[in-house]
Amino acid sequence: MLPAPPKTTFASDNASGVSPEVLEALVAANEGYSIAYGADGLTEELRSEMNTLFGKEVSTFLAWGGTGANVVALQSLIQPWQGVICTQSSHINVDECGAPERFLGSKLIDLPSPDAKLTPDLVTAQLDVLGVVHHVQPGAISVTQSTEYGTVYSVKELQTVIAAAHAGGLRVHMDGARVANAAASLGCSVADFTCAVGVDVLSFGGTKNGMAYGEAIIVFDPELATAVEYLQKQSAQLPSKMRYISAQFSALLKNDLWLVQARHANAMAQLLADGVAGISKVQITQPVQANAVFVTLPPESISKLQAWSPFYTWERENEVRWMTSFATQESDVRTFLEGVHAIVNG
Amino acid sequence: MLPAPPKTTFASDNASGVSPEVLEALVAANEGYSIAYGADGLTEELRSEMNTLFGKEVSTFLAWGGTGANVVALQSLIQPWQGVICTQSSHINVDECGAPERFLGSKLIDLPSPDAKLTPDLVTAQLDVLGVVHHVQPGAISVTQSTEYGTVYSVKELQTVIAAAHAGGLRVHMDGARVANAAASLGCSVADFTCAVGVDVLSFGGTKNGMAYGEAIIVFDPELATAVEYLQKQSAQLPSKMRYISAQFSALLKNDLWLVQARHANAMAQLLADGVAGISKVQITQPVQANAVFVTLPPESISKLQAWSPFYTWERENEVRWMTSFATQESDVRTFLEGVHAIVNG
Amino acid sequence: MLPAPPKTTFASDNASGVSPEVLEALVAANEGYSIAYGADGLTEELRSEMNTLFGKEVSTFLAWGGTGANVVALQSLIQPWQGVICTQSSHINVDECGAPERFLGSKLIDLPSPDAKLTPDLVTAQLDVLGVVHHVQPGAISVTQSTEYGTVYSVKELQTVIAAAHAGGLRVHMDGARVANAAASLGCSVADFTCAVGVDVLSFGGTKNGMAYGEAIIVFDPELATAVEYLQKQSAQLPSKMRYISAQFSALLKNDLWLVQARHANAMAQLLADGVAGISKVQITQPVQANAVFVTLPPESISKLQAWSPFYTWERENEVRWMTSFATQESDVRTFLEGVHAIVNG
Amino acid sequence: MLPAPPKTTFASDNASGVSPEVLEALVAANEGYSIAYGADGLTEELRSEMNTLFGKEVSTFLAWGGTGANVVALQSLIQPWQGVICTQSSHINVDECGAPERFLGSKLIDLPSPDAKLTPDLVTAQLDVLGVVHHVQPGAISVTQSTEYGTVYSVKELQTVIAAAHAGGLRVHMDGARVANAAASLGCSVADFTCAVGVDVLSFGGTKNGMAYGEAIIVFDPELATAVEYLQKQSAQLPSKMRYISAQFSALLKNDLWLVQARHANAMAQLLADGVAGISKVQITQPVQANAVFVTLPPESISKLQAWSPFYTWERENEVRWMTSFATQESDVRTFLEGVHAIVNG
């Protein structure tokens, strides 16, 4: 028999709410007045904290959401007649309703990748069109860290793929909607796998890690930073009452809460993966390195399980995606596993 | 001698924080999980409340900010080869860094207007290019209510300007970043000066009236509504954790808080206007019908006054803008008036 | 030993000049004055001739070049938030430097196809995202006839793929840069494989079939036609002295010259294909159904052959493309075959 | 009584045909084959001739039409978040159906000017928004030479307006659809009022001065030139059989035919202006410095005169525009003057 469904959902990490410390900071920011669009003390503080986090002076811009952060970041990297190399399963390619093509006025050069990672070979194979006027000119690569398949680039993997990009004169964007989960997974500093390996602009996610809204655009190359605020405004991604985003981000950075929460989410994914490992009808389809578990299920069990506790099917046949977050409890995982057992083997 | 500056600023209504009821609702929304992008109960409730407010079934969409709401709304109204008639001082024309032109890929047909209102004559004069392939084809008008100059269209004025637009087959957008101040000023239902007079799409402002973030796009013509959610997503204006915006808006609508707050802001502007009426060196340049006071000041006093309490200079020589909000206190107005007296006459 | 290279090139059909009848018509059009942008008698005549050709009233628009005709045609078919399904090897996808993405502000949904043809299955597999706001919504398909691989859709093939498109509510564009070669190949009326099977808009090529410049956009659905002239003008594809394009097209249509020339080009491709069929080191990689021959060559012979007579390498390893045109002479084919023999077997 | 109408029209210089030498060159270019997109000998020759014309190495690109040349040129000059300062009556602002806004994704900052010229004061007044993120950032100015009102900037006027632009870091575009008429009017070298005074990119018109089609984009700053061919291709402005445009341009440059023809057109405008000077009911409204005559006519005579020989009304009340070209004959002018006399005084 099926237990009551878990109290959190495995549908997406953006279905979770706001973590208590973050909400408290948002409320605390509501003191007095602040000149809008970033000219406030809380935003100034956050900028300083980001410099500390990355161990160098970086340019920090705050945008509304993930798609907005990505399209502003990408605009800062390429000329209008250049395209962006990414994987076919990347969020910018499949989950943003064509926003990148609309904002860039150009093509995403989307490449098939079994683990949602770009490789040096994939990138290099695109460079032979450089200089040929008929073809979209690759101008940047976009890597997602952790990826849309819940995998994580190692520092070495990033170094080699970025080296391939640099060999063609390409710029590098990292979609870090789940950068916290990657940092937690790799156990190194976020600088180690961003600015230190040649990332030019990072979309630093907040929403999927316990904020109500808000993403940061971290620009490592000061020459690129000049354009960003104009691109934000023109792209409708310059929040007016910015202090409420800054306060949330600062709460995440304080005492490494962003890592604590991401480590927890990753651990919950691992627990879930371990739990299904013993169910022969459930096959894990991707290495579980962050906060996602991809599995194939017996086809007849998918909709039954979804009706009990919602989640999404994915690209391959009978494949589904389960996401964990800061809010996922061990008891949720155990309950969910019970449900899977009951339905798959029932 | 100058008193201590007021505790709120007259620089902009978006410099104010979040009103207590709204913040409380945002916090209360943080319960359990919600599927993202609007498939949550709070958003469903808000949609129902908006239907009640407008006395008919409307399509309610929630966007991040004012520029975002405007560019999505305008995209829903025109073909890519059409332009939008607006005034030269309209927010879409001067304060959005070209976002409308970028999202629309077309021209704003911006017309000079002394009181920031479109008139039937202004609109009609643009219609003779209809059908001439060389010229941008007017496809819609955009009226701001209350206007960027703090004036308010009467219902009659809207009827006549919209009739002129309809005569040319044009659609009608209302930029209602301060629609609450207009409703408070007119003393009629918001439906009376929107759907009842032929507005097709309304940008319904939340941020400037005490929300942390969030604007609604109210679509009155169901045929237009189909495209809006796609336009939102493609324009990076589809919030993921939408419940936090919905909760804030519902708090505003509850017990007419949105009107109570707007009435207060308008009253504070009137108090300020009354207070400067007796200062001969200060000339009020626009009728004070909402929450803005435009005045000319002796040039040498402007920067002195700004250094004491910040505000912006405006378009005409020696003209400045003072805005009030829900957070402006009578004591702030009185203190500010003291400062004006002291500096202008000092 | 190598003979002298052929007098025409097999590099591309756009390397050929203007056929004598077409040039004569262009010269003859230079009589007196004509109001620009299509309000001239020659353009009026061409419109009438196109109606005759298609056996119904069609809307004929004249654009500068093939990319221009395609981007105007596609804009007339989709909403800004919709995408266009095409093959990965389609001209719009690989040979237009991102022009479609720029003009449409949206995505090409480019699918792998071994023979450069869309199939019902390829189209149908894309329709499950309809209604899901996160994904680009397929709004049209674009088929190329004859294809970029020199293959030709049968009428039956077009019917089935268009039926699949219609099942999802999608519109249909045909890139007919080489529509004449397809008509010559199929031996039926051009109407039979365009308007009769549900094509909405056809890019009707002139340049590759003996014109100096100029392509027609044939719109079969009168409702779609209204927007086209505005889209042309806004897309910088409305020629001023249009009579010179109209005169060239009329010359092509007179006495079926367009088909006579295309039949000749196709026959020359067949002759070339027959000639290499006996060379064991040369493998034909695509059915030769129009005016292109795709072969693989021994790698070491490719650059030697190109140095003698230019042509382009293609997508697969050691694959090259040879194009014929109205200007290709039998003697050119025989000379070229001698060169291939000499270098490949030499 | 009215005479038979003139054999040429005063409606527009683009209503004229192709001058004999140019047509002959187009025909002569039809020899053998040429690799497309500019890799041909005739284009190479033209590039060399342009270097000679400007007395320095310039980058010459060939586009289809005037709007196309302008939008490519402007794209090469500004960032996507920048706008272009121009006059309200400029061709890019009123006669291109929003093409500049569409290709640039940004705003034209269009300023009122009684003689269609930008002035230093007009430009300087726009520079105070530089650095303010809410406002479109001026990135370039566009001057038209000769202007849309038939006036001509003196070298001195260009120097001062360009100095004002440079003071704000702005780039400079010249729309030279009628650059020949300006050169003929000023009596100096074309270099003297383009590269020598700081123009960065020139749209060099061919069509209005006796070509069938084709405009050149002359880029004076080598750093800007890199992007142009990609922008052309992506903007659907890269002609395939380019040799036919190159041949026409070379014919124009040979023996200064372009100037000979422009001088003739200017002289015909002067003859026309002199002829109407004595008709009291006809008022010349702009200095006649190139090939246009703007006059006001008694309102009742306008449509009568248009019915006899076509021309366009213009912006001011009862104002009309008469254009001359290389093809205008003295007898046409005399006949037209007879008609004006007869109808205006009749």
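Labels for the chains are A, B, C and D, by order of writing; each one numbers its residues from 1.
By definition in this document, a contact is a pair of C-beta atoms (placed from the backbone, for glycine too) under 8 Å apart; a residue touches a chain by one contact, two chains touch by 3 or more.
Given the structure is predicted, the values throughout are model-derived calculations rather than measurements.
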Message: Comparing the two chain pairs, does C-D have more C-beta contacts than A-C, or is it the other way round?
response: C-D
- request: Work out the mean Cα position per chain and let me know which chain is farthest from subunit D.
  value: A
Whole-Å gap between the CA centroids of subunit B and subunit C: 50
- line: Between subunit C and subunit D, the Cα-mean centres are separated in Å by 33
Field: Whole-Å gap separating subunit A and subunit C, where each centre is the average of the chain's CA atoms
entry: 42
Message: Please output the residue numbers of subunit B that touch at least 2 other chains, ranges allowed.
response: 80-81, 96-98, 102, 105-106, 133-134, 137, 230, 233-234, 238
- prompt: Along subunit B, where are the residues that touch subunit C in the complex?
  reply: 37, 75, 79-81, 105-106, 133-134, 137, 227, 229-234, 238
Interface residues, subunit B side, partner subunit D - complex: 80-81, 83, 94-98, 101-102, 104-108, 133-137
Statement: So, in the complex, the side of subunit C touching subunit D is made of residues 7-9, 11-12, 14-18, 23, 26-27, 29-36, 64-68, 71, 96-99, 102-103, 207, 212-213, 230, 233-241, 244, 310, 327
